[in-house]
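Look at the two complexes coming up: subunit A is in both, with subunit B in one and subunit C in the other.
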Partner chain A sequence: MSVLNTLRRRAGVYGAIAAMVPKGFLAYSLWVWVELFTQVLSMAIMSFFWRAVYAGAGGGLIGGLTLQQTLNYVLLAQVLAPMVESRFIFHMGWMLREGQIAVDLARPVDMQARYGAENLAELLTDLTIKAPLLLVAWLLFGLQLPSNPLTWGAFFVALLLGRVVFFCFNWMFASLAFYTTETWGLSVLYEGVAKFFSGALLPLAILPGWLQTVADVLPFAQMLYVPVALLSGITPLSEAPRVWLIQLAWLVGTAVVSRYAFNFGLRKVTVQGG
Partner chain B sequence: MPAIVVDQLSKIYRIPQKDPGLVGAVKALFRPRYTEKVAVDGISFSVEPGEIVGYIGVNGAGKSTTIKLLTGILEPSGGTVRVLGRDPHRERVANARSIGVVFGQRTQLWWDLALIESLNLVAKIYEVEPRRYKELLARFSATLQLDELLKVPVRNMSLGQKMRAELAATLIHEPKVVYLDEPTIGLDVVVKEHIRAFIKEQNRTLGTTVVLTTHDLGDIEELCQRVIIIDNGKLIYDGPISTIKARFGKYRTISFETSGEPPAALELPPGAELLNREERKLVLRFDRSRTSASQVAASVMAQVEVADFAISEPDMASIVKQIYAGGMAQEDAPEPVAA
Partner chain C sequence: MRYLKLYGYFLTQRFKILMEYRVNFIIGAASTIVLQAAGLLTIWVVMSQIPSLNGWTLNELLLIYGLLTLAKSINHMFADNLWTFGWDYVRSGMFDRFLVRPIDPLFHLLADRFCHDGIGNFLVGAALLVTAWVGLAIPVTLLNLAYVVVAVLSGGLIFIALNLITAVSAFWILNSIAVTSVIFNTHEFAKYPLAIYPQAVGVLLTWLVPYGFASFYPASFLLGRDSSLIVWLAPVVAAVLMLLAYRFWRFGLRHYAGTGS
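Right, the complex of A and B next:
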């Protein structure tokens, strides 16, 4: 009973922290509009580009995908692409450099759990704000979404699991900030690699075999390619349980390693300004 | 039981040395080189519940490092810390629940959101009972004059407004121990007064234990009965502020503006010494127990034409400077017999 009670109280605390996230978004409403606009632009570019490529190839399949599958994929990927842009490594470097991490560490909450709660709230806020883009993509660019609610459910579960994997992997990588202050370069490099191998630009099925192998051993595809492939019909619904299991395995692995890496780094921390 | 017990506490930083740029950063990842810096060097003291202790020293003396060790953010390299019976580093989260901390140059508030949002969240994080929260909020609003600030985003606040907001956020869960790292830095006199009054009231009504680091000796004179002075990571004084004042308070500084060039060799009564000499200006210090202002003034006036002169009492700043310069050690040595 008391364990349950403690859990409920903890959930209340982290829930309150997460609830701050949408309010923060609203403080930057102009930026939200700018991002929506650029996403519509890149959806237009992507759809014209792929239509031209398929026309040039005389119809048929590219990388085993039909034009409609590819269109579905790239349009959905464009909607979700900003969500794989993580500046967290840079942010961690900044917190350590400026000593701002001291403020977080002086709170009676688990720092990773706190940022994790915020991260999930960011995902939900992002999805809510970006939902109208699906309508735009359907009306203007020929996006076809599945009508089966189970497919949607499978997508959301995969998206949620993938997001947690991505968060834990970022957290692990950001622990490098304990050892180097040069986090801007690392952050840019990481973001480029993450964006490409997440499948935000191209469906990974189109890549040559060896690159697909690389994408498979990296966790980034779990965040974007895996859920989007389910929703765009590239991965059949019957595959969903297998997909989830792989994601769960990633989740457990990255969660354990990230916790260890962070706590290990924390012991070496030299908070600035002493 | 004391609220804080620090025993032989040390902190040695290993500072990585690296070449500039990404290449240097990568190199440093694989073959790190370090230099060591002793920031806190075998410090021991304890603080009783309800005390307000001034923790002072020059920049880089180790004040902030000590605060970080006390809050559990840093792990000691040697020695032990106990705060309310806990090891703050090992039990960081449990410790965090019963302490509050203001880092003067950092904010714990949500930058883009109205202050009230930050306060509401802080109250939830510390699980402040809602009715109690309302009471405290009303009281803090009155003492810290937050009413017109509650709806303002923190980023739009002035420095003084921000500090008042920080203090409210730090004390809203009624922590038993509070660390204030430079709480009045850069603030004007009126705001300083408000903040000191607020800290005093918290201490008086709730028995909050306060450890205060500051460069502002006004803070210390107004708030603290006891000061701990550290220099170069070592404790150089721990005792009542009155002892410091008594030891150094017998000195007065007297400065003369002269009409002509003062003579090269100035004869002074015993107990007086020349601190500084410029063209047409002399600054002297004298020991009130051995001579008097009129003796010193008369002696100087007999040797040079004086246009003006002023006597000043020592402030804490000059006292601290003298301790740093070895003044405390000097004072402990037997004094020469007055002539």
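Right, the complex of A and C next:
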């Protein structure tokens, strides 16, 4: 009798655990599903588009890249692209307008560090949610992922470094909100520039020389193009240390400037009580 | 006729509001231009590397892109409210006010907010159309001009009809934006010649979500690539789809019981 009871209780516990799975899925808001669907759609369009492009080139190289390299690149970039969309300056503008920033500043933790921690957690959450897209891209659109774990490691390090650069640069740019109220327009402009020069739409290696120069002096490539080029086989693994060093230089530069810019702008802030 | 006059009133009021914030008006109208620029720059970079995409030159692709952008801008300017119908009108109960007024509630909903952000899209589309037209030396005949006007209007109606069909889901699930996005985003396929996709995609974009009539088919006609019946079907498809959408809207309306207070 007691065996039966134990069994029933066990079944109840595991049943509850199993029931968490669909609940977990439902907890994803509808938006996550819509975004995943849209990304699959974009991957389909991109893969057909680039196949047609290479057919037009007579099967040769474009910008020194083979069809497979380009396909790998655009598919992976498509998976990661939403992670380099930021309207942080708009958020900062809102915080200043609403006086919300006073609450953040009054907290006993460094405001930038706090947002930075959140930002990294967001990256990890996004990666988890987006991971199934890699499977879709592999099954349907011909994505080929590297089997060498070192390449994956190099990619993750570059992605992490790039993310911090991105965060610091966003922070620096958002400090403009201390001086203008047109943060919506600035955020849209920023989004457009970031989208193109991060390499979300095409591998930057294909750009003509002068555009490549522009891409090099902007930090956006560090966030998307640099890590994805490693994973898609455009940048060989042996280059990884050099890539990381460049990213580190960007990191130090943007971190210093962002702190200075923020603290400098902060002196202008007056939040009225109410 | 009465509705035309009413729309005029709505538009005047809307512009009075917009002119209160002039800089925001200009930024909103220009914002779409920036986002379009990234996509166009990509096409330009790619096409400077190859002679043609499946037999289509850069100017021919821009023609497709321009026609699609123009059709989309009509939807953006005059029917943007369909996007937020569930969230801003049904959920808040604001829609109930429309129901007790002596004008058609759908008309009221559409006229309620002219969206100035669409102006940027319209300008980009028009600029692309003119550039491609001149670059391709398409003859400026009365027929071609009339054809383009009808094609763009039909394309715009196709966009509006599909958004209306999906927006009706708000009567049941409130958060209709998700449903609208899913269908609306398939228009991205129509930015390129349908011939680069597998046949199934072409069929889908022609008969199920007929965005192809807003870009690929009219471009094929203007370039003399296709003279079959299908290039003349855009107004018919738009009319049928609009009728279906309106019927569906009426159906949803009959089942609408309000959201309570």
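In the analysis below, the second predicted complex is superposed on the first by the 243 of 274 C-alpha atoms of A that agree within 3 Å, B and C clash if a C-alpha of one lies under 4 Å from a C-alpha of the other, contacts with A are read in each partner's own complex, and residues count from 1 in each chain.
Quick note on the criterion: a residue touches a chain if its C-beta (ideal position, glycine included) is under 8 Å from a C-beta of that chain, and two chains touch if they have at least 3 such contacts.
These figures come from a predicted structure and were not determined experimentally.
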For A:Pro149, using the defined touch cut-off, is the partner it touches subunit B, subunit C, both, or neither? Pick first, second, both or neither. neither
Applying the document's definition of touch, where does A:Thr180 land relative to subunit B and subunit C: first, second, both, or neither? first
Let me test your reading of the model: by the given contact rule, A:Leu202 touches which partner, first (subunit B), second (subunit C), both or neither? second
Just subunit B (first), just subunit C (second), both, or neither: which does A:Trp31 touch? second
Indicate the residue numbers of subunit A shared between its subunit B interface and its subunit C interface, in ascending order. 182, 185
Parts of subunit B lying in touch with subunit A, wherever the complex brings them together: 11, 13-16, 18, 21-22, 24-26, 28-29, 32, 39, 60, 62, 64-65, 68, 71-75, 92-94, 96-97, 99, 101, 103, 105-108, 110, 112-113, 117, 120-121, 124-127, 153
Which positions of subunit A touch subunit B when the two form their complex? 9, 12-13, 16-17, 20, 23-24, 27-28, 98-103, 105-110, 176, 179-182, 185-186, 267-271, 273-274
For the complex, which residues does subunit C have touching subunit A? 23-24, 27-28, 30-31, 34-35, 37-39, 41-42, 45-46, 48-54, 175, 178, 181-182, 185-186, 188-189, 191-192, 196-198, 201
Flag every residue of subunit A that touches subunit C in the complex, lowest number first. 30-31, 33-34, 37-38, 41-42, 44-45, 48-49, 51-53, 55-57, 62-63, 182, 184-185, 188-189, 191-193, 195-196, 201-202, 206-208, 211
